[in-house]
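In what follows, chain A forms one complex with chain B and a second complex with chain C.
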Partner chain A sequence: MKTSETRFKGMRDLPSAHLLGTGTAMCAGCGGLEVLHEIYDILGKKTVFVNAAGCMTLLSIYPFTPFRGSWIYTAMASAPAGAQGVRDALDTLKRKERMKPADDLKVVCLTGDGSAYGMGLSSTSAAIDRGLDFLYICYDNEGYGNTGQQFSAATPHGARTSTSMGPRGFPGSKKDLFSIWAANSPAYAATVAGAEPLDLARKIEKADTAKGPRLILALSPCPVGWGYDPKDSVEIGKLAVKTGIWPLKEYIDGKVVHTKIPKKRLPVEEYLKRQGRFAHLFEPVRKDDILKEIQAGVDAYWEGVEG
Partner chain B sequence: MKRRLLTGNAAAAWGARLADVDYIPAFPITPQTEIIETIAGWTDSGEMDASMVTMESEHSMITAAGTAAATGVRVFTATSSQGLLYAMEMLYTVAGWRAPFVLVNVSRALAAPVTLEPDHNDVLAARDSGFLQLHCSTCQEVLDGVLLAYRIAEDSRVRLPMIVNLDGFYLSFTREPVEVPTAKEAKAFLPPFDSKGMSFRASSPISQAVAVLGGGPYSYFRYETHLAALNALTVFDEAAEDFSKIFGRSYGSVESYRTEDAKYLFVMMGSFATKAREAVDRLRDEGWPIGLLRPRLVRPFPAEAIARLASGKEAVAVIDQNLSLGKGGVLFTEVSSVLYGQPGAPVMLSFIGGLGGRDISPEEFFEIAGVAKHAAKEGKAPPPRLLYTEDELKEVRKLQMIANVERGELEDEDE
Partner chain C sequence: MYRIRFHGRGGQGMKTASRILGTAFFIEAFEVQDAPIYGAERRGAPVFAYVRAGREAINERGAITNPDLVVVADDTLVPVPAAGVLRGVTENTVLIINSVEEPETWRERLNLTGPVVTMPGVKVGDAQEVRFTGVVSAAAAAAVTGVISKTSFEAAIREEIAPLGEAVVDENLKRGVEAFDLTVKNGVSIKEGSTVSAAAYKRPEWIELGFESAAISAPAIHSAATSERMKTGLWRTVRPVIDYDRCNRCWWLCSTFCPDGAISVNKEGFPEIDYEHCKGCMICMAQCPPHAISAEAEHGRKEGGDEA
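Right, the complex of A and B next:
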């Protein structure tokens, strides 16, 4: 999309008032909530959010809800199937003229990485197979955050979680969910970060106009799970982009395009050392081998991009 | 009304067609698959104005059924056995949403060991889920049951999903003559779907299925749902009366066969109860005062009707086609809980039979009647008993011998 085609030409074009209500049970500095605010302001209230078990399930607690549009909580594994039922029902009602077209809604899945990368991947995959017209938002805080940050399939290599407390942290690597989606020709897929709101807004704008399965994979810095001061959430998000750890990209018209390539990438250490989950890589002794491993992984990724 | 020769599965599909359902999320599983194949044929040809989607699992299927019902359309779906268990989390969930729709379960015994033939452990695993349960013993009852189930599920006093159960193979694949109502007749009984405000619309945003904090609201909503399930007893009776006026077929929450002057009763669910019914006739010919009770409704449990029909009898033999491992027959426990402490409570006998489609012979019913008569005389019930013959045991011993020989040969090869 050329700058001329977006209504978000600069920061001043971003919505100034938030649609999502305040006073929810999310933690202070929640990166997931930051991202949800930014997305919801653009999608608007003619939406129904179909939620899977995770932190965000606690947004709507009887008798309160911060959503000015609609919401339904399903279960951990089957939010995309829930989206299917809502979408099909709305289409049926329109077809049979039992609902005014103006009453139609955009169907949006909202899940954490635990569901998106793991338990919900089967129902996600099937929703893509069926070409379901829905937007899938994954707020990725790289672990089972709601239960106290155990490692998930989204946890990065070396991160300490409450189930990877050893000296080398999580031995596995973060699963590439974006590529799983991209490999199956979705209508649209993008990574975003709340700390890059303009890039995010333009992507939501594109996702919103596409029809079919669409993914928004949002890095969601988590003060509690990652171990940093809540006031630093935006800074951590920016560092994830500047170090190249969280590439901002989109899959559109059959191609993956990077939307913000850091001109000179900061060393990954700048990102890692700010977070308690990586503290064991620096003290009591510096673990150069793991740090090098992580840096090499990031470098290899960008070599592939920059060719 | 037109008479057709239909399998139980086809009768279930006809029920959905006549209920004028809007949406069918589906997933294939033996012995249910014929239902969704039949419906797929009709939606493809345009004979049914409904949209059907094949999901990737029963868990997703029930999720989609629930969210579609919550969006405001009439939903039908079907499964069996392992599928019902795979969906179990969502059975509880969508019942809690108070999403009314109909799920046909074609009973099939559960793994392990994996098998195809029926018993009721699958559907009874869903007993406490909040889904209401209607159990059928003929193909006619399957078709009628689907129509009845929509009336009950959608009633404002109930608003709960309902399972219509039929036995795999014995009913699913057995053809019987079935009176098929016309669409007009069906509509006279079951009016077009009314979501009663349960919907998602841009002009009336709502948050559904939200979390609660603490036991106070949780207990309130759970007990309220329980009371709604109990309301289905009255609603069933009303719906059955309407049904009988329109179609001339009467259904009670409990089928009571030759019980009035009986001293002894068989109690059974599902299609195997037709075997008990046959045995009652043969025993009556020999002068035995015996009858049969068959609960059609299993949830809500028709406690009052059972108490009324069984009190004052000398002995009641419950034949369970299920087994709660470590306890015994589920229906036995439920019927006993209704009769315990009642004036004129009969001696209660428990038999387990028909597991995994194992047949129950007329001779076994005669034996049960004899044991019941003896227990009544003694005033004391014998321990629970598995219906199983010496010949069957010999057969299994033979299989075990073969298995041992095969293993021995493999071990010899390894050496």
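Right, the complex of A and C next:
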């Protein structure tokens, strides 16, 4: 999409009034809530959220909800299955002419990374196979945040979590969920960050007009789980993009396109040293081997992009 | 049986306090329960944790409604009804409160007949001190029980803080022991509460609702954004304040970035902060291009959620 085709030409086109209600139980400085409110402003009220177990389950605790429309809670592995049911019910209502086509709703899965990268991946895969018309939003805070930040399949290499407390942190590597989706030819897939609201708005606009399985993978800095002051949530998100750790990209018309290529990438240290979950890489002794490993991984990724 | 309740805000270490105290009791050969609230433990939100310790098997379950000791790590929670700080407090309950104000002031203000002491060893309102609030709360509680030795208390700190590394353990030991000694000097002690048999349990104060159709019994089910009824401004310990002379009415970055949607933009293009819901994360201050937003401590204000 060229700039001329988007209604978000500049920052001033971003919404200045917000749809998501205040008063939710999310933590102060929650990166996931930030991204959700930015996305919801663009998607609009005509949505049904299908929420798998996670932090955001606490958004809607009867009788309180921040949404303007319906919300349904599913088990951790089952959000796409719930979305199928909601989609089918809406389609049935339309077919039987009990609902005007104009009153149709968008079906949106909302899950954390624990569900999107792990427990819910099987039902996601099946929904993609069936060509289900739904939008999948994953707020990725790189661990099971709601239960005390145990590692998940989205936890980056070397990060300390409550289940990787050793001196070298998490021994595994972050799963590449975006590529898993892209390999299955979805209608649309993109990575976003709340700290980059214009890029986000343009992507949600595109995802909104596509039909079929769509993914929005949103980096969601977590002050509690990642160990930093809540005021730095946006700064951490910006650093993830500037260091190249969180590439902003989209899968559209069969191709992966990078929407923001950092001109001169900052060293990954600039991102890592701001977070308690990586503090053991610097103190009491600097672990150069792990730092180099992380930097090399990022460099290799961008070499592949820039050619 | 000892029944002890810790009140604080998410992030002030109340869970850690209950773990340390519970472990210290355990080392002293008590039967122990310790548990934090689960599900709503959010940074800044009112939270509590509790410890039961008995010389025989403990049959009580759930949150403590008849505490022998209440430890309040943040005095701004006292006027917050949702925090339930004073729930079940009687003339036999000791109240330890982290406050710059005198115990006598709190006794009068809250019309308490039982002993009140201020928590020794943490500077109130100092952001750097927050990480020691948990251990100091545990120390004050352990000291007033009179049945936990300093050695057992130290062993409990070591056991509970160990995963955070030696340096953190050492800092916590130092601050914990300091607070333990200071509290002992105060000379206050708690009495062990009696065991209540199941037959004497009081029924919870249920409100009976007759069965009605959904339209009557759940009229709010289709209402939008009802979460706005929750005044999360009470979570805030610092408030962002906009200097409108410096605000250059940019592309409302503060409003876009505010996770809670607590900043709206008025007709003139100026942002306005909804203090009833602002949780005080201060992202707006950190991101404001002309640095027109500053931080003001909430401490000293009577209510967290009032308008500026």
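As a convention for this text, the second predicted complex is superposed on the first by the 307 of 307 C-alpha atoms of A that agree within 3 Å, B and C clash if a C-alpha of one lies under 4 Å from a C-alpha of the other, contacts with A are read in each partner's own complex, and residues count from 1 in each chain.
One rule holds for everything that comes next: a contact is a pair of C-beta atoms (placed from the backbone, for glycine too) under 8 Å apart; a residue touches a chain by one contact, two chains touch by 3 or more.
No experiment lies behind these values; they were computed from the predicted model shown.
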(request) Classify the contacts of A:Ala81 with the two partner chains as first (chain B alone), second (chain C alone), both, or neither. (result) first
(message) With both complexes overlaid on chain A, does A:Val298 touch chain B (first), chain C (second), both or neither?
(response) neither
(message) Tell me the contact category for A:Gly10 with respect to chain B and chain C: first, second, both or neither.
(response) second
(request) May I ask you to decide whether A:Ala89 touches chain B, chain C, both, or neither, giving the answer as first, second, both or neither? (result) first
(message) After the superposition on A, what does A:Ala126 contact: first (chain B), second (chain C), both or neither?
(response) first
(request) Based on the superposed arrangement, let me know which partner A:Phe67 touches: chain B (first), chain C (second), both, or neither? (result) both
(request) Please work out whether A:Lys46 is in contact with chain B alone, chain C alone, both, or neither, and reply first, second, both or neither. (result) first
(request) In the overlay, answer first, second, both or neither for which of chain B and chain C A:Leu58 touches. (result) both
(message) Counting contacts the way the document defines them, which residues of chain A are shared by the two interfaces, the one with chain B and the one with chain C?
(response) 45, 58, 60, 62, 65, 67-69
(message) Can you tell me which positions in chain A touch chain B when the two form their complex?
(response) 45-46, 48, 50, 57-58, 60-62, 65, 67-75, 77-78, 80-86, 88-93, 95-96, 98-100, 102-105, 122-123, 125-126, 129-130
(message) Per the contact definition, I'd like the list of chain B residues that touch chain A in the complex.
(response) 22-23, 25, 49-51, 53, 55-57, 59-61, 63-73, 89-90, 93, 97, 200-203, 205-213, 217
(request) Using the touch rule from the top, collect the residues of chain C that touch chain A in their complex. (result) 10-11, 39-40, 42-45, 163, 165, 167, 218, 220-221, 223-232, 235-236, 250-253, 255-262, 264-265, 274, 276-277, 279-283, 285-287
(request) Using the touch definition up top, name the residues of chain A that touch chain C in the complex. (result) 10-12, 14-31, 33-34, 37-38, 45, 58-60, 62-69, 165, 194-195, 197, 223-224, 229-235, 284
